[in-house]
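Letters A, B, C and D name the chains as they come in the text, with residue numbers starting at 1 for each one.
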Amino acid sequence: MTASIAIKDAGGLVVELIEAINANRGWLSEIDGAIGDGDHGINMSKGFTAAGAKLGDPLPSLPDALNTLSETLIEDLGGSMGPLYGYLFSSMADELEGQERLDAEVFAKMMHAAFEGVKEIGSADVGDKTLLDALYPATEAFDEAWRSGKDFAESLDTMSAAAEKGRDATVDMVAKVGRASRLGERSRGVLDAGATSCCLILQTLAKGIKQRMQG
Amino acid sequence: MTASIAIKDAGGLVVELIEAINANRGWLSEIDGAIGDGDHGINMSKGFTAAGAKLGDPLPSLPDALNTLSETLIEDLGGSMGPLYGYLFSSMADELEGQERLDAEVFAKMMHAAFEGVKEIGSADVGDKTLLDALYPATEAFDEAWRSGKDFAESLDTMSAAAEKGRDATVDMVAKVGRASRLGERSRGVLDAGATSCCLILQTLAKGIKQRMQG
Amino acid sequence: MKKFLNKPEDFVDEMLEGIYRAHPEVTFTDGDMRCFVTAKPVPGKVGIVTGGGSGHLPLFLGYVGKNMLDGAGVGGVFQSPSSDQLLNVTKYVDQGAGVLYLYGNYTGDIMNFDMAGELAELDDIETATVVGNDDVASSVVGEEHKRRGVAGIFFLYKVAGAAAAQMKPLAEVKRLTEKAKSQVRTMGVALSPCIVPEVGKPSFQIGDDEMEIGMGIHGEPGISRKALEPVDAVVEEMASKIFAEQSYEKGDEVAILMNGLGATPLEELYIAYRRLGQLLDEKEVKIRHVWLGEFATSMEMAGFSISIMKLDDELEPLVAAEVDTPFFKHFAG
Amino acid sequence: MKKFLNKPEDFVDEMLEGIYRAHPEVTFTDGDMRCFVTAKPVPGKVGIVTGGGSGHLPLFLGYVGKNMLDGAGVGGVFQSPSSDQLLNVTKYVDQGAGVLYLYGNYTGDIMNFDMAGELAELDDIETATVVGNDDVASSVVGEEHKRRGVAGIFFLYKVAGAAAAQMKPLAEVKRLTEKAKSQVRTMGVALSPCIVPEVGKPSFQIGDDEMEIGMGIHGEPGISRKALEPVDAVVEEMASKIFAEQSYEKGDEVAILMNGLGATPLEELYIAYRRLGQLLDEKEVKIRHVWLGEFATSMEMAGFSISIMKLDDELEPLVAAEVDTPFFKHFAG
C-alpha cells in the first residue's frame, strides 16, 4: 500500500492550521503593514478561530473540517481572505469526496484544485504578488517530485521548500492586484502577506500529513 | 503755567500706542497662552493697526485720534478687547472735549473715566485678574501723587510704577471673569494678559506726554 | 500647523467666501461678509439673531435658514463679532416684530450684543436676549449664569426658530426659548486640542493617553484630566453629571444631541451613543429625538459632547419642526 | 491609539448598535446586525444594495433611506462584507423588480458581491451590478476599470436611488447609474493617517509638513507626497487632474461634492471650495449643486476629496431629487 493517511481521522489537520495562523497573527499583520493595511494576521486569525469554534468534538473528517473552515471564511469572515481561502479549502475538500485515504495522487489533485479555485475567484495571475505565488510553485513542485519518483513524504518536503521559495520570491515582485497594487513600483522589496500565510498553511499541512503517516 | 501739552498736536501719542502694541504682539500672546487662548497680542495688534491706517496725515488731535482708535476697536475688532479698550479710549477722549491742553488735572479725569468705562462695560471688579488691575492702581497712584504735591511728570512716573506693580500683582490673583476664570485656582501663578497690555499702554502714554512736555 | 488654508489672517473671510458661493440661500448685509443673513427674510416674523467667534462650524451661521435663524454676526476665530456688525444684522433681520438675540455665555459676546441692542433701540427695533449656558462642567448648580454656552444651544435655535416661524410675538418666542434653555444640559470630553490659525500652535497640551472631561469648545479646561477610559465609562461619567442636575424619570421624554467636536469619527459617536441609550433605557426615559454628528465644533479638536433636553408637550413639537438651512436639514415627522 | 471605544474587536458591532438605537427607520435582517436594510421597503421597486468595509461613515449604510438605497452589507473595518450577508440583504430588499448592486472597486467587494449575485440567481432574484471607480489618482485614462471607488459613489447612489424611486425597471436604473458613473471624477488629498482599531497604529507615516495627493480612503498611497502648500495651490493641482480627464466648458453644468475625510474641519473645506468655485467660474462652468461635508471618510484621517459630476438634462433631476436617510437629507428645489 502506498503512503497515505485516513481521511476520517485527519480533521485535526485543520486544528493545526488554526493554531499555526494564530501563532503567526502578529507576524502576518506586520508583513501586511509594509504595503497593505496591516491586518492580514488579524483577518486570518478571526476567520480561522471562528471556524475552530465550529469544528466540534469529536473532530469531523478532513473534508468536513475543511468545508467548515471554508464556509466560515466565506460566510462569516468576508473581506478578500474569505472568498480566496474559502475557495482554496473547499476546492481541496472537493477532491477528497468519495475518498477514504489521502495519498500523493489525491494530494496532487487537491493542490491543483486549490490553485485553480483561488485563481478563478481572485482573477489574479501567478507573478501578481499574491498567495498564488506560494501556491503555484508548491503545486508544481509536488507534482514534479512525485512524478520523478520521490515518495509522498519526500514530495511534501519538496513542496514545502518550493512554497517557501515562492513566498520569498514575492519580495522582488510588484503587486498587480489587491491593495498593494496601488503602490506600483513601491510595492517591491518586501514579502507578500498572502503568500506568507499560504506558505505557512501548506507547510503546516505537509508537516501534519507526514506526522500522521509516521504515527 | 502748569506743565501741559497741546491737545491738537498730541495725536502722535496714539501712533506711539500702536507701535508699542505691535512691538509686543508676540509677548502679549505668549502671556495669554498660559491661561487664555494665546491671541491677546494678535487681537490687540489687529485692532490697533487697523486704527493706525485710519488716522490720516497730518495726524488729528489727540481726542480725535483716541476716538478713531476707540471706534475701530468697537466697530471692527469686536471680541472682548473691542468694547473694553474701545470704552477705555473713548472715555479718555470724552474728558478732552472742550480742552485745549492736557495737564495733570485733565489727565487724572481721563484716568478715572477710563477706569469707570472699562469697569462698566466689562462688569468686572478690581482683583478679578483683568486689565482693571493695572488701570485701577495706576489711576489711584496718579491722583495721590498729584494731590501730594508732585508735578505732572513725577506723577506720571509714579503712575507708571503703580501700573507695573498692579500688572505684576495679577500673578497672585485667581481669574474671576473671562476665559481664564474657568481655570479657577489653576489661573494663579502667571501674569494677566490684559493687565500687561494695559500697563504697556499707560506707560507709553506717560512717556509720550513727558517727552512732549520737555520738547 | 497642518491645516488647509492660505494666509492665516484670511481664514475667516475665505471661509465665508466659500460659504456664500456654496449657498445662495444666505447672503450678507452692509457690504460686510461678516454680517451673515438669510436671503429670504419672512415679513412680520420675529427675527432670530445669533453670533460668536468663528471656528465652530456649523455654529453659528450654519443655522441661519428656514424655520431656524435669520442672521448671525461672524467674529474672528474664537472672537465675538463687533456690536456694529450685530447691529447691521439686526437692522436687516428686523421685520417689524422685533429681534431675539440668542448666543452663548461669553464676555465678548455679551458686551457686543448688549451694545448692539442699545443701538437697535435707538432705531426703534425691539430686542430681547437669551444667553445659552448649557455646559454643566463650567460652574456649579446655583451659579448656572456663569456657565459656558456650548452645543446645547442647538436646541434653543430649534425652539426659537420654530416658535418664530409660527409667527408668535417676541415675548412668546423669548419665553419658549428660556423654557428650552432651562431644560438643556451638556457635558463634553476632549482628546486633543485645536489650533487657532493665527496663533499657529495647539491651544493646550494633553498626553497621548489622556482625556479632559468637561472641556469647553475653545479648549477651556474641564473638570478633570485623566487616563482615557473605555468609552462606556466615559459616557457613564458624563451622563452622571447631567443626571445629577435634573430628574430623569420613567416616562420622561428627551431629545439628545451627540456632538462631535471636529476630529472624532461618526463611528465613535455611535459607539458612545449606544451606551447613553442603554443608560436612558435603564431609567425608562424615552428618547424622542436624537441628532448625532457635528453641530458645534472646535475645528480639529477630537472629542464629543452630550446634550440632553427634557421635553414636554409644548417644547416637543418645536424641537420636532422641519428645518432647512445650508448646514442642517430635518424632515418633520 | 486615541479613540473612543471599548474593545477594538467590538468596534463595528457597537457602532451598529448605536445606529439602530438612533434610527428606527433602518433595521437588519436574518438576525445579523451587519445585514443592514431599510425598515420600509417599497413594494415593486428595484432594490439598491451597497456594501463595503466599515470605517467610512456615512458610507455605506448611511445612504440607506428614502429615495436612495435599500440595503447595505456591513463589513469589518476596511473589509468587505461576506457573500452570505450580501445575499441576505438582497433577499430582504428584493421586491420582485430585481436588485442593483452598487459598490466600490475593491477585490474583496467584487468577489463577495459576485458570489452573492450568483446565489441570488438561484433564488430567482435578478441582479445587476455597477462598480464605482471614480478615483482618477488610482489609474491612468484607458485603465479606468482599475480605479478605486471613493466619495463620488455618492452621486451614483443619488441617481440610482432617484431612478428606482420613480419605479423604473432594473435595466433602466442600471443604465442611468452607469451614465452617472461615466460623469463622475474624484481626487483626494490627505494630511494624516487613520488607525484601524484592531491594528492599533497608524496606517502610514507622513511628515509634519507633508501632504499626500491622490490618497485612497484606506490610506492607499497617492500620486505624490510633498510639502503642504497653500490650499489654493492644492485645489488647483487636484482640479487640474480632473479637468484633464473630461472637457469642462462654458455652459456645462456640474454637481460638486467636497468631502472631508474625517478630521478636517468644515472651515477648511469651505476655504478649499472657494478656490474650486473660482476655477469653475473661470471656465464659465455652472455649479448646479454642491454638497460639502463628510460623505465618505476614513475615520480620523485629515484630508478631503473633490468630486465633480457633469450633468445633463437626464441626470440633473435625479441628482436634485429629495432624499431622506438617517445620515443624509436633501430637500428638493
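Just so it is clear, contacts are C-beta pairs under 8 Å (C-beta built on N, C-alpha and C of every residue); 3 or more make two chains touch, one makes a residue touch a chain.
In this text the structure is predicted, and so the values were computed from the model without any measurement.
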Subunit C and subunit B - chains in contact with each: none
Averaged-CA centre spacing for the pair subunit B and subunit A, given as whole angstrom: 79
Centre distance in Å when subunit C and subunit D are each reduced to the mean of their C-alpha atoms: 29
Between subunit D and subunit B, distance of the C-alpha-averaged centres to the nearest whole Å: 56
Junction residues of subunit C - those touching two or more other chains: none
Multi-chain contact sites of subunit B, meaning residues that touch two or more partners: none
Chain contact topology (line, ring, star, complete or other): line
Pairs of chains found to touch, sorted by chain label: A-D, B-C, C-D
Complex interface listing, subunit A residues touching subunit D: 29, 33, 37-39, 42-43, 46, 74-84, 121-122, 177-179, 181-183, 186
Interface residues, subunit D side, partner subunit C - complex: 2-7, 11, 14-19, 21-22, 54-55, 57-58, 191-192, 208-209, 228, 230-232, 234, 262-274, 277, 290, 292, 294, 297, 299-300, 302, 304, 324, 327, 329-331
Complex contacts: residues of subunit C adjacent to subunit B: 53, 73, 75-85, 107-108, 111-112, 115, 138, 146, 148, 196, 198-199, 201, 203, 216, 218-221
